[in-house]
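Accompanying notes for the structure given below.
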Amino acid sequence: MSSTMRAAVAAVVLACTAPIVLAQGSTEKGIEQYRQALKEGNPAELWEARGEDLWKRKRGPKNVSLEQCDLGQGPGVVRGAYAHLPRYFADTDKVQDAESRLVTCMVTLQGFKEEDAKKNPFSAPGRHSDMEALTSYVAAESKGMKLNAPLAHPKEREAFELGDYLFHRRAGPHDYSCSTCHAESGKRIRLQELPALTDPGEAQKVFTTWPAYRVSQGSVRTMQHRLYDCYWQMRHPQLDFASDTATALMVYMAKFANGGEVHAPALKR
Amino acid sequence: MKTTMLAVAGLTIMAGCAATTQLTENERQTRAEAMLKAGFSKGNKAMAERVVQQDETQALCSKYPESVPEAIASRIQESQQATIRYPASGNLMGDWRQGEKIAQDGWGMRFTDMGSPNRPMGGNCYACHQLAPDELSYGTLGPSLYQFGKARGYTDEVRRYVYGKVYNAKATNACSNMPRFGHNGILTEQQIKDVVALLMDPASPVNR
Amino acid sequence: MADPMKIRATVAGDATEVKVLMSHEMETGQRKDAQGKTIPAWFIQSVTAAWNGKTVLSAQWGPAISKNPFLSFKFEGGAKGDKVKVTWIDNKGETRTDEATIG
Amino acid sequence: MDARRRDVLKGGGGATLLAVLTAAGWLKPGEALAQAWNKAAFEARTIDEAVKALGGGAQAQSKDIVFVSTPDIAENGAVVPIGVSSSIPKTESIAILVEKNPSPLAAVFSIPAGTGPTVTTRVKMGQSSNVYAVVKADGKVFVASKEIKVTLGGCGG
């Protein structure tokens, strides 16, 4: 091949690749514009309001409100509670996240059967979930506070170790683990950036944004749903709501996210 | 023994403020596995079984999340290489247009879309790779495959490599993040050929 | 039963900015459920905003407005403590009115 | 109280509904509901048909209509923020239309005197498409358009 020809080929290659680089840059700019424009109003506020109403309303077989629920900061303290979850609770002798703790309160205070309290954790079109609303309210009461999930109790440390194991565990027809997508910085799936959840800087930014209103689902989704949905995409079975697996994974992630400010409920794709 | 000790040390450092690990590696595994199994109490039993039961490659790759020791890596690659079934006809090229559809399609094997005789599963290639330049929504978990064939040459050797890679990525990279599309029955022989064509046909948009 | 709206009205200079979030399915009538049955259309058709009894915005909407709709606009006048009232009516005849105090 | 109002309203059609509301002292006559929902415009299949049904004729391109807080790319077609601002004097109404939606008309806003000719809302888009803002001002009809790409954002499929 003559050198002129080679130069010509090189020019063609350049001409072909250059617009791609540009296109990618403008795609990212466009997405950023999109996210900025959405920030104006977050429908999650509708969930927060409904959650507050549910929290204060007398409900269940015992006809009492959740106002004496202990979310870890003492009975009735909602302010700041979400920033200190998941954590160990002596009365249940378990590590619990906000949602599994709300189930406990619905059972012990309001007299719901456990299976009823757990029945409808994720909304569907035309069917609200009380859990999504309550979690939105509880999370919003920690807005601006630094996440500080404890890791002092032996059961909290054990949950972390089990979470670590499960986070890296590959399985199923696609060989996926959580770490397939969430162990490396700067990667994306389609156009969605994937946070490296074991990187404190990134974990602090994202773990603290759940629950979030997801425009793709037209609803607030909670951390329990985020895990359920990840397992779905991982071609894993349906993860039980408020399972120990979910709690362990949350404790594991919270460890890296500690120190980040709570910005939940956020607004997401 | 040495690797176990290293793994434990690594975990301790990672755990940071959790001063010491409390569980032995065996305890951790036994408890985590039991916990996982208990968390799939609803839904499809066969699906749960397949996830609870790891194969050897999955178990080994899970054990060494950072980097798998060389000896184990070669053992995995050898066993996975042996799984690859090339088409009896010897023809590895299908239709790139079908390949593009497969690359766009992420349907299949989730608990809401477990498969159907009337609906082939997707390859979801764009989730992780750049392919045709018109598709702006591509992932970056895997390398860009834009101009794949053009850059490497449209040879039998490269076609065979691509077929094998899609069929079982672990044959050449032990703990690759890429699913084993042929080995795990995600894509059919014809679908893999179509994907090969997407990457290796000079007329494919990937090579334009 | 429809949930309350979230209305925020703030005055800056001569103008009052109103931002409204509404809780509504905004079902297009073109989607099918898991059984393949068409989900009937259900969407807000009209929205009215009033300040001191004066209409400051009115709108007609089709099913292409997003679920849990958002709306923002500005009007001249309005003072801290004044009320802004927003009403919507959907194609089933359901309606909801909420009020916010200008801050 | 709100519940009671809703009960009264249930099953009411446009005109009856208005009468009930007016009788209840809830709405003053002249409040926007006087206009019945423009079925023809919302069910029109093309931009031109929809504009015609809204009472407009030929549209003149205008640089005085701008899209604000409107992205070039939407990560999800279910929620696409659209803001339209008109600096055409005597702007009476602003309509938002999505060309490739089955029924292009998404919304039409009446802008009374004293209200700024800027509205922001969110629309659904089935696919990448031109979005039109049609403004009626002083009896004339003006238009501006913008292309918005709808992409797949996440895990796909």
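Each chain gets a letter, A, B, C and D, in the order it is written, and its residues are counted from 1.
The rule is simple: contacts are C-beta pairs under 8 Å (C-beta built on N, C-alpha and C of every residue); 3 or more make two chains touch, one makes a residue touch a chain.
Treat the numbers as computed from the prediction; the structure is a model and nothing was measured.
Student: Pick out whichever of the two, B-D or C-D, is joined by more C-beta pairs in contact.
Tutor: Between the chain pairs C-D and B-D, C-D carries more contacts.
Student: Compute the distance, rounded to whole Å, between the mean C-alpha positions of chain C and chain D.
Tutor: Each chain reduced to its C-alpha mean, chain C and chain D end up 12 Å apart.
Student: Averaging over Cα atoms per chain, report the distance between chain B and chain D in Å.
Tutor: 47
Student: Provide the C-alpha centroid distance between chain A and chain B, rounded to the nearest whole angstrom.
Tutor: From the centre of chain A to the centre of chain B is 25 Å.
Student: Listing for chain C: what residues touch at least two other chains?
Tutor: 66-67, 70, 72
Student: For chain D, write out the residues touching at least two other chains, lowest number first.
Tutor: Touching at least two other chains: 73, 78-81, 120, 122, 149, 151-153, 155-156.
Student: Please output the residue numbers of chain B that touch at least 2 other chains, ranges allowed.
Tutor: In chain B, the residues touching two or more other chains are 126-127, 136-137.
Student: Return all touching chain pairs.
Tutor: Applying the touch rule to all chain pairs gives A-B, A-C, A-D, B-D, C-D.
Student: Can you list the chain B residues touching chain A in their complex?
Tutor: Where chain B meets chain A, its residues are 11, 14-18, 21-23, 28-29, 31-32, 35-36, 38-44, 47-48, 50-52, 54, 57-58, 61-62, 65, 109-112, 126-128, 130, 133, 136-141, 146-147, 170, 177, 179-180, 184-186, 208.
Student: Enumerate the contact residues on chain D facing chain C in the complex.
Tutor: That would be residues 2-3, 5-6, 9-13, 17, 26-28, 30-33, 35, 37-38, 42, 78-81, 98, 101-103, 105-112, 114-116, 118-124 of chain D.
Student: What residues of chain A sit close enough to touch chain B in their complex?
Tutor: It is residues 13, 16-17, 19-20, 23-24, 27, 151, 154, 157-158, 160-162, 164-166, 168-177, 179-181, 183, 186-192, 194, 198, 232-233, 235-240, 243-246, 248, 255 of chain A that touch chain B.
Student: Can you name the residues of chain B that touch chain D in the complex?
Tutor: Those residues of chain B that touch chain D are 104-108, 122, 124, 126-127, 136-137.
Student: Would you pull the chain A residues touching chain D in the complex into a rising list?
Tutor: Interface residues on the chain A side: 26-27, 29-31, 33-38, 40, 189-192, 215-216, 218, 233, 269.
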